[in-house]
Structures are given as C-alpha cells and as structure tokens.
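In this document, chain identifiers A, B and C correspond to the written order of the chains, with residue numbering beginning at 1 in each.
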Amino acid sequence: MNTATLVHQRRHRLLVAVVPLALTLAAWAYLFTGMGDYGYTLIILIAINALMATSFNVVLGRAGQLSLAQAGVMGAGAYATGLLIVRGGYAPWPALVAAVLVGMVFAALTALPVLHLKGLYFAITTFAAGELVVIYLGIDEALTGGGMGLTGIAPLSPVHLGGRTLLDPLFPRDMAIVTSLALMLVTVLVALLARLRVGATWTATKDDETLAASLGVTPYRAKLTAIIVSGGIAGLAGGLYATYLQYLQPSQFDSWQSIMFLSMAVVGGLGRTYGPLAGAALLTLLSEWLRDLHLNDAAFILSGLALIAIVLVAPRGIVGELARAVPRLRPGASPREEVRPR
Amino acid sequence: MPDGQTADGQTAGPPNTKTLEVRRLTCGYGGRPVIFGVDLRVRGGECLAVLGSNGAGKSTLIRSIAGTLRPVLGGEVTVAGVQLARAGAAEVVRHAVRLVPEGRRLFPTMTVEENIELGGFTLRSKRDRGRRLAETLEAFPRLAERRRQLVGTLSGGERQMTAIARALMTDPDFLLLDEPSLGLAPKILLEIGELITGLKARGTGVVLVEQSVGLAELLAERYLLLSKGAVVARGDIADMADRTSMADAYLGQTAVSAAAHHPDRAADDPSSAGHDNPPPGGEHADLP
Amino acid sequence: MTELGQYLANGLVSGAIYVLVALGLAIVFSTLDVVNFAHGQLFMLGGYAAYVCVVSLDLPYLLSLPVAALVLAVVGLVIERLVFRPLYDRPHLDMILVSVGLIQIFQYGASWIWGIEAREVPTGMGPSVEILGTGMFLSRERLLLIAVATLLIPVVALLLQRTLFGKALHAIADDEEGAATVGIHRPTFASLAFIAGAALAGLAGALLAPISLVSPSSGAEVVIKAFVILIVGGIGSIRGAISAGVLLGLAEAVLGGYLGYRYVDVFAFGLVIIALIVRPQGLLGRATRPV
C-alpha cells in the first residue's frame, strides 16, 4: 500500500464520515425534539451500547483480537462506580473516572497472561475471565449484594457553571447529553488513535503478525494497548450505566451481553469509525421496538439473523458497505479492495 | 512397482497407452486467471518438464490438472478421452492421475504409514488399501523401516519419498510432481531420479514441474517453458537451445548450468526441508 | 462415605455429558479449524427434541433418544450448508461470528417457542436404584446415561482414531491441501462432521433432559465446559478430552458438594485460564494444533 492510496483512502474516509454524521445528528434531533423522555432513554441506551460496540471495535475491528471479556470489563467498571458511590461514599463523577481506570487495569490483567495465544485460545480465555467476573459479583454478597443486586447508586451530580446549573443528569434529557458527549469524545479519540502510530501498529498486527514483527512492530504491545483502550471504554460504559440505572445486577454483564455488543460492532462495520454507532442504533431501536410489541425473544433472534446476514452478504458492515458504495458513485474511483487475513 | 507385479501375482496389465492432454487451459484464483490457454500432452512412459521462474504459474497449472484448484475458467483436461477439467480431486485421482504437491503437504502429526495409507483414500475396500500399503512399503524399504515414525521426524529426502509413495498408493498412470527437488541434496535427487525413471519404464507418464533444468534434463524428453502464465517455448529437451540465455530470460537463474557442473555448491538446505517456501533460485540443488 | 460416593456418581453423569459434547465440538473443529460456539445450543435443542417426543407426541423416552440425535443431525447439516459453507475461504473470525449469531437464534428461538421456564421430561422409568447395597441411590435415568456414554464414547473414539473417516478428518486438520491432494473433499467431510457432532450433542441433550430439566439457556454452560475440556485435554487429543471430561465432572461434583455449587464454575474457568498459562498444549494430552 503506497502513500498515494493512503491519502486517497483518507479522503474517502472523510467523505464517508459526513453521511453517517449527518444521519446521526438528524436522528438525535428527532429523538430529542419529538419523543420526550422516551427519546432520551433511547439515546442513553444507544450511546452506552455504542460505547460497548466501540470497545469491541478497537480490540477486534482494529487490532483483530476477539476478546469476549468486554461485558465482564464493563461490569467491573459499573460495579467500581456503584461500590465507590454506595460503599465508599465517593461523589459520582470521580467514581465514573475510576470506572475508566478499573476497566483499563482489569482488561490488561485478564489479557496479559494469554496475549501470546492464538485467536481461538484467546477468545476462550477471555470468555472465561468475563464469566469469572460475573460469578464473583454474584458470590461476594457482602460487598456487591450478590444476585439481589446493588441498589442506591446515586446518579451523576449536577454540573454548575457560574452559579447556573448546566446539566443535571438526574433528568433523562441531561443524561442523554452526557452519554452522547461521552460517545462523541470516545469516537473522536479512537479515530485519532487509529491515525497515530499506535493505530498503525494495531492494523499491522491485525493484518499479519509475523509481517508486523518483521517491520519493527511489537504485536504484543500493539494488542495490549488496544485491549487497554477498549477496557477503558468498556469501563466508562459501565460507569455511565451504573449511574443511569442506579441499580446493578451481575447478570447484566454476562457473556450474552458481550455477544450482543459484538453483534452491534459487526453489523455496524468492524474497523469503521461510525460502525459501532450504526450497529448499536439499529439493533437497539430494533430490540426496543420489538420489546414494545412484547416480542423480547424476537429482538435477540433478529440480532442473530442480522449478524449472520451481515457476515454472509455484507462482511464490511453497514458503514463499510456504504463506504464502498459511495466512492463508486464518483466516476473513475474504484472501490478499495480489502484483503482480510484468515 | 519396479517389477510390475502386484501382490496377488497378476501382472500390471498392458503398458499404459493412455494420454494426458490439456487443451487451452485457463485457470486462476477467485475468477482471476493466472494461466492463459496452456496446451500440453503426455503419453504413458513419457516425462514432460514444465519449467519457469517463481510465480510463472507452474503450480497453478499442475494443481488445476490435479483437481485441487477449482473452478477451471476454461479449456479441457482429458485422460484417455475422459474430461476431467470440472472433476474434483478425488475423481482425478480415480482416473489415475496423482499429484505430489509443492512442499510435500504431508500430515505432520501422523506416522509415515498413515500418510502413505491415506494416499489410498479413494480405494473402495479396506483390503485393497491394505494390499497396496504393503506393496508400497515393500518398494520403499527405507520408509518401511520408519513406518511408525511421525513424518515430522523425517529428513527432507525421506519426506519427499513419503509424498511420492503416498501418490503411488493408487498405482497411477500419470504422476504430477511439483518441484520435487526443492531443498534436497544432489545425492537424494539422484535417488528420486532413479525412482521416477523406474516408474517411466513401467509406463507411468510424468509431468515434472521445476524451476531449474537439473532434474528435468535427467528425466524429461520434452520441455515446456512457462512465463506469466503462458507457454513461451517448448520442444525436445535435447534441443533446448542455448540453455544459459534461456535461463537468463525466463528462469532468473544465471548459474543454472554452472551449478549443474558443481554439485558441491548446492547443499541440502535443512531450513527448507519439508517446507513450502521455495528457496531463492540460485541456492537450488541441481544434479551433477 | 455414601455422600462422597453420591457426589462421584453425579460427577460421572456430568463428566459423561461433557465428553459427549466435547467430542462433537472437536469433530467439527477438525474440519473447519473453527469452534462452533453454538454447539451448546445444539445440545439444548436435543433436550427440547426429547421434550417434544415425550410430552407433545407421547412417545416413549427411549425412542426420543435416537429421534433427538436424528433431528439434530439434520439441524447440523442445515447450518453447515447454509451458514458455514459460504465462509470457507473467508477469515476464521467470520465463522466464529456466524456461530455467535446462531447462539442467539437457537436460544431465543427456543425461549419463544417453549418459554423461559425449565421443562421437565418425564421418563416413566421408575424409582431410583440402590447400587449394590451401598446405601447409594442412583436414578434409572442417570444409570441409562452412564451406560449409553460408556458404550458410545469408546465407539466414537475408535471411529475417530481407526476408521478412514476419522483419519480423513485428522488429515484435513493436519494439512488441508495435502488432504485435497489425496482426494478428500473437505466440504463433504465438514457436512459429515456437523452431522456427527450435532447428533452427539442432541443425544447428550436428550440424555440429560430428564435429569436436569431443559431450558433455553441449558446449552450455554455445557459448551463452555466442553471448551475447558478440549483445552485442558489438548486440542486434537481424543484421549485427553475423555480423561479431562471425566475428571472435570468428578472434581466439580465433589467441590460443589462440599463447598457449594456456586464455586463449581470458578473452578472450571480458573482451570482453563491456568491451563492456558501454564501448558497451553494441554494438561492431560498434547494438542496437535499450534497454540
């Protein structure tokens, strides 16, 4: 891949970024203005799910490692926030920051001993690690409340600016703004990281570890940075979730949740900046709509079908296929050939 | 086998009068052609050398003939008039065409015996497989000694022998050898040369794919030079005009003839034994 | 003493199930080089197949065992053809992802059809049997399960190690191109592997159904245990998988019995992590695959 194609691709990326951004803003505006509290709730759910899908997107989409501990990491972050608030008496905002740190440390700890293993073994170990978190949260009743759950988590406290209350996340509207801002911040941060050297080491490791190593990249370090970044994002999502729901239960973070978030990342488009948002929005709205129709199971079935259909017929995901289609509309531009390693 | 006898005392039948014929074969990967309209023909007892540099399409051609590369994009492959261009590998094997693939492609966690036995995968009855296994092991005493060893523990030459023995399990009329000389010492190459000469004498037709002329000179009557997926020269190997300049032009090896006269320069390269990455052409082992 | 005996007997039951599920998982793995994460849901569907036979169709339980195996064999064939086959030449991840999609379809499909609550499969096999005057009681269903597994596991092991079918699977796992060269058609064997693997899972599900009830989530846990077994036993090692399965079943039952069942999963998950750190090629066997 030479410099010219790289520049060319970046231009495509920018062009392609405009479409989903415009769509997102339009959808956000609609949910904000047209639907009242229900719209805000949807935004909060989509944003938190999109954060989790982003977490998968970093570790799997960009660095090519299938870590199934993500929901467990989210749970660690969520319980860190919840416990610091409920048992530690900390203010919610510092507790939210702690969730990010806990997520990073936790993800690093689960992955460190097995980073050298091949994909399948890595997937299974991280799956086991994620399950261990859920089991521990259920067992340590004195600390976490066990299966009964952890209650009484305070919502994020109001943000004041010059004597005026700027945001009070107790209200769904303001929480929707907080989660949206968090998602935006994380999305921009990840897009930036992907363009930096560290992002290049992720891509190189994903494409061909041996080749990457021969080019001076340390695959081990590349994977670890991706896992730490994705862990921080999952921790943040967990912290936001804890303060939003004000109630936590271990089963909210089992591996089935990981699978749901993974589906969102894949449906949206792995390795794409706006992939997680697209996937999370589609699957969250779909499942909320079906839940309204009292078809809870159908939501999961459809998300499974969507995952399979995307992998079979549109492996680049919604955003990826869009990115391929858009340059095609311009005369003379050929779609980028993606070579995906086995 | 060398004496043309089978274990149950029957002679191997009349000499092989079949012809393997390839007409205007076009094939490649993912619908993108790599080989463009190649013709070739081998009769029983003949050896045709397919020469060309790395990337000329030799393996693609031979794998398409053997049926392990599908679909074929155009043209025909026939054995005694039977169309095989669309047949799968098992069907091609049943029509007595066997491939010894590049890099041997043995089963590393199985024993020598199991590897050879699986060469008879297409044989219907267990009895036939057992009989052919016994015969094949008899013809390869060195492998028979090591029958219980994992192939991973064998030397490069023994692995090549195992790969050939595996192909001989079905007593083929045509043998397709993809770079058998890869990474082997001259002494071992001579052994393999003798083995193939013996097979030819029994009526087996051989297609020998090589990057260098050494083994081809010893075994083949005719040659075919492939470049960028097309035939650029063909004829009798004895008439192969000005070999050095041809090697220069197409094989990318100036030292072919020189190396052929200095076998000591090309040692058995242990790093490439049993490996599918071809070593650089200049390092290639050639026959004296 | 009878308490320990009782635990060990229960451990034998779950160990037998783990081995049956793990062997099916391993068979599929050898042809595709990919684990079917939805294998546990095939086990779960086997339980529901038995439930439908016995409760809805009023068939005898013993008949429901082959029916469950047969139904799941068909399911296995269908998913291989429809979902996995188009992905052979694509990155491994794609097959893992579709198997994850299948988990959702099967699990929530079952929940939609039969509801979330666990279903009982009555067998009418009569009361528990005392084992040779030891004061230890085992239900007839458990005895049947142990008997079937004791007969079936060696048969499957022999099938994989001695027959041409087993050797062909092994060959594909060892070197796909080499297997193609000798005339082994991988897609055919992938279909056969899915048929065999899914049938084993279905049978195991039907065998366990009367003992531990059937619910949509009942496959989730067992497949993880099967992964644990394959890894601890060394992927590709049949003997390793069998001993790891039986040992895990026994260890879980004893641990669970004395410490409480919530620690059972900690043990299994901890074991797989430790195994992968300490000896990734397997604690009890030797993996034939690169780790």
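Quick notes
In this text, a contact is a pair of C-beta atoms (placed from the backbone, for glycine too) under 8 Å apart; a residue touches a chain by one contact, two chains touch by 3 or more.
Being a predicted model, the structure only gives us computed values, none of them experimental.
Of all chains, the one whose CA centroid is most distant from that of chain B is A. Ranked by how close its mean Cα position lies to the mean of all protein Cα atoms, the top chain is C. In terms of their C-alpha centroids, the spacing between chain A and chain C amounts to 32 Å. The distance from the centre of chain B to the centre of chain C, with each centre set as the mean of the Cα atoms, comes to 43 Å. Work out the mean CA point of chain A and of chain B, and you get 53 Å between them. Among all residues of chain A, none touch two or more other chains. By the touch criterion stated above, chain B contacts chain C in their complex at residues 66, 68, 88-90, 92-94, 99-101, 104-110, 114, 117-119, 121-122, 126, 129, 166-167. The touching residues of chain A, when paired with chain C in their complex, are 60, 64, 66, 113-114, 117-121, 123-125, 127-129, 131-132, 135-136, 138-139, 255-256, 259, 262-263, 266, 297-301, 303-308, 311-312, 315, 340-342. Remark: chain C residues 34-35, 83, 86-87, 90-94, 96-98, 100-105, 107-109, 111-112, 220, 224, 227-228, 231, 262-263, 265-266, 268-270, 272-273, 276-277, 280, 290-291 touch chain A in the complex.
Chain contact summary for the complex, chain C toward chain B: residues 164, 167-168, 170-171, 174-175, 177-185, 236, 288.
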